[in-house]
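Structures given as structure tokens follow.
Next come two complexes built around chain A: one with chain B, the other with chain C.
Entry: the complex of A and B
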């Protein structure tokens, strides 16, 4: 027990973290809000020029048609990634969690499925890039299986028709383990006596899943959905490494657009404005998801 | 938010690193240590060789720190500039109006003709601010305050090395295996025919280039085809929005690029191949030709190729071009600048003058970095490595057509966004999703709508 004399000691240990949060977290958030109203090249803030709402008008209202077009394309791609990831990961993770719960070697399978969460993302995205090359494992596998209609001669990432699919696959791969673990933990927390009681009452397996398991898992699903939405709208590393947003802008997402605008075009104000609108979109979708789930929870 | 977090983290990382201001020695020059940053890994042996000579001469050491790749270096520079933690000397792209001007010393009042006269005549062109740029920034609502504050004639760096894009490298073995003589093609059409033959005889794709970088084609080949076809003024008219790409006089430029995909001559997966990947593929024999610059040679040699394995030639003209022989018109690739807040400003300035004008230093640098110095070496050229000497003698000695178009390229190509749309449309054309006519129309329509909206 900490004596009243040394009550401040725990706070002292927390101080570095708090300072880091204030310095890196809150300061950067505040700074980026300010930046979004300025034209700034990234060096020496005294040379920044106040722009009012011009940055927002440029990409939201078509003041700069190309930036506007790039922005809406990027948002659309983020939405597609989010929807595809949720649509695939939620059911697959749920099924796998059920299977894991009823398998003898659960810990081994858990480790296997959990692997994508513990390996370095950047390294793995280079591996994915290699897999999707014209002579990579993806094309070779389908060619070997005699399913040439599934191959992409220019490589999955070298075609504007399939580059986004390649990116989505990495999102599904990366999103599955976390969701699986959430569901697995959720399933083990359901009181077995509920199933016993339902069984005594003559409930079928399907009914048990729909009436007992699913309602218990709804809060977990909500967390998983919000996590995936957040992840999809913050997409950057995999897109930057694998396609750079191309070919022909076919896999451009808000993250790569912000990066390009800030670090290559030297327009930090516009980049911050785009980042903030992206944050508001993500927030709005998260609130919408939360409300739509909350009514039934 | 993501952006600001990256910026703040970069600031912290930079603050923790060793900046140039902290490494100074005693009060005299001897015993001092200057710090220099670069992003060019291949240049480091060259910098070290020249720095050794400088230390022998002055007793001043130069510590070279490398941060690569390009993007990381740019971020590192910005973070350090904001925290006033830049090194004494900075190696940077030879550009004017890149917004680094606020952090580095203006050299125009400090450097006279005695120094400037030692470089190749065009060496300062990309570095010195032009009236065309000043006029362009004045009317550009997106120009930064730094750009708007610059005046024609100012410069902030000294030229280190020169080179040129517009260079094709050919795999001699594959060319001969296809029954062709390993001679440079005279026209674009002949080049296409060569690639067709090689592909049909050896099964190897004709061309690889870093097409993942969407504007690389225009920067490294397209502009040369255009300048040769209609002369520099024809290209300037396009840049200044006084001509259309769909004009019969300009359409052949797009069609020339279209031939590559029409005839399936591009290496599969080219749109996900970056510059290094393209060079690796060529060195591995996966394509008969590689598009690069004079600087690509060092990369290919580092990958194990030998000069005897290759033929090298400039972008060949489209049939009927006004200019029938492209002379590699070199321009300055990188420059050296001095941190305006450096405590060793005088020594830093002395060092960059030494690095760029002392023949022994530039030769030592060039031979180890495998690049051509911006210094006009005259008779001392014979001290360059044989390959470098060959490249240097292939350079035009007087300003050529590219130099004529360069002010307009610098002023308009990045600013007028129809060129961004064009670069992406070329990618679509190479995927056979657009025809040359559609690419040209899209460029013209975008140009018209941007012009109408005041962009």
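Entry: the complex of A and C
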């Protein structure tokens, strides 16, 4: 660590980043806080009306029953997506990571397994849309297996009782590889001599897992959970492309609600207010992940 | 016995990962009628229709979308690497007032969900006259990469022995020369990680381009796909051909960047 002779030098290195942040980041954050107290349809800010907390009352306290209902449904859907994704991904990734360990051709499997994560994007959401069509692969598979009770005649995404399940399946498909990587890396980074020493000391396999493996996997699990929570609460693209939040709002999430309120209903103030409430929700989650970004600077 | 169960599990999950890709490839080689009549089968009836790719490529000017995506991704990578290695260098090597406050302000950007600032960002960029421009698409993407890139570069630069800095100073090197002659070359692994993560991120990003771009000439590949989807009669074969064009660059690059990408994913949670 040095104190530079010319005390402006360290600041000069920060300059481009700070300028960009002031012009793009800070301005947007500040303006969106201001906006959440205004009623504005978006063309000229001189037409905006200051409304105090009205926007917040509209969707939080039922001043506007429809918006309130939409908001709470959206939050609920975000929660359901997060919980379902975590509940499936954590155990499955754990099992797969254990199985993948010490397998021949592990690197080939790994390459295949990681594909969903890197290409997950608009292209893959269209693929899923196609697979979930009424006569698409999903229905055909369960029909072929003789499990007709699993099929959805109107298509997974076309029925309000199943659209959210379809969204969750894509979340699981896209989210599994990331957690699998974390667990796999965690397992392979345990020093094998620890196990040897433990077995010399007469430790049982169960004891080794509890005393050696699990302490290693615990922080990884925490990080995986936080990542999935964050991802689920920031959901937008797959919902927007596959269902648009429908049918009848059955797959609406906060992201699509904000987008719709701002860019389709031209209600920028209300959209900003909803955005900031969602920020408080995700912020609480993110504070945990924040801790993993501590560096001794 | 245990061994074969193991392999059954591994192969089954492999199929789950691969099937959507097989379906995409198969459907892109069907005729429009075949895609509608037999959507479940990944194999086309009556031979492969290679012409679908050419049709899509020409019909919507996918060449232009491809170039747009490439330009955006490459400039984002360059911007992110230059701007945030400089910041990481400053944070990790110098002692000065306000350093912690600035560092944590940037890291705190992580907390703000993208959708919250979308509206003001859009207003901001249109006021600057940047709608339908590369700069308008790129600047917010670079800014969005700040927290993680700063975190990674700062912690990486801290691992470079301080003696190297001191001996360079004794040899008469200035701070800037030390930065680009010593620190940048030594940080290549971290630069690779950040470059790949941001390539994938900006290549797949659609929310921001969708908002700042309305001129078809400035569409990126994912936007081209959404446009293909917007016609009332759904041509799955064309949609899937477009999807394949969109993901091919990542598929080609992936085997080479897999290791680096995984390193970036596991940083902070696993000591490798």
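The rule is short, and it goes like this: the second predicted complex is superposed on the first by the 261 of 297 C-alpha atoms of A that agree within 3 Å, B and C clash if a C-alpha of one lies under 4 Å from a C-alpha of the other, contacts with A are read in each partner's own complex, and residues count from 1 in each chain.
FYI, contacts are C-beta pairs under 8 Å (C-beta built on N, C-alpha and C of every residue); 3 or more make two chains touch, one makes a residue touch a chain.
All figures in this text were calculated on a predicted structure; none of them were measured in a lab.
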First, second, both or neither for A:279, with chain B first and chain C second: both
Touching partner for A:140 - first (chain B), second (chain C), both, neither: second
Partner chain(s) touched by A:47 [first = chain B, second = chain C, both, neither]: first
Partner chain(s) touched by A:72 [first = chain B, second = chain C, both, neither]: neither
Partner chain(s) touched by A:263 [first = chain B, second = chain C, both, neither]: both
Partner chain in contact with A:214 - chain B first, chain C second, else both or neither: neither
Partner touching more residues of chain A, whether chain B or chain C: C
Contacts of A:155 with chain B and chain C, given as first, second, both or neither: first
First (chain B), second (chain C), both or neither touched by A:35: both
Intersection of chain A interface sets (partners chain B, chain C): 23-25, 27-29, 31-32, 35, 42, 133, 234, 236, 255, 258-259, 262-263, 268, 271-272, 275-276, 279
Touching residues (chain side chain C, partner chain A) in the complex: 6-7, 9-10, 13-14, 16-21, 23-24, 27, 39-40, 42, 82-84, 86-87, 89-96, 99-100, 102-103, 106-121, 123-124, 139-140, 142-143, 146-147, 150-151, 154-155, 158, 162, 165, 175, 179, 200, 203-204, 206-207, 211, 222, 225-226, 229, 236, 239-240, 242-244, 246-247, 250-251, 254-255, 258, 261-262, 265-266, 268-272
Contacting residues of chain A [partner chain B, same complex]: 23-25, 27-29, 31-32, 35, 39-45, 47-49, 54, 62-67, 129, 132-134, 153-155, 157-161, 163, 234, 236, 242-244, 246-249, 255, 258-259, 262-264, 266-268, 271-272, 275-276, 279
Contacting residues of chain A [partner chain C, same complex]: 1-4, 7, 9-11, 13-14, 16-18, 20-21, 23-25, 27-32, 35, 42, 95-96, 99-100, 103, 109-116, 118-124, 126-128, 130-131, 133, 135-137, 139-141, 173, 177-178, 181-182, 185-186, 189, 219-220, 223, 233-234, 236-237, 240-241, 254-255, 258-259, 262-263, 268, 271-272, 275-276, 278-279, 282-283, 286-287, 289-290, 292-293, 295-297
Complex contacts: residues of chain B adjacent to chain A: 1-5, 7-9, 12, 71, 74-75, 78, 81-82, 98-100, 102-103, 141-142, 144-147, 149, 211-214, 268-274, 417, 420-421, 424-425, 427-428, 431, 433, 446, 449-450, 453, 455
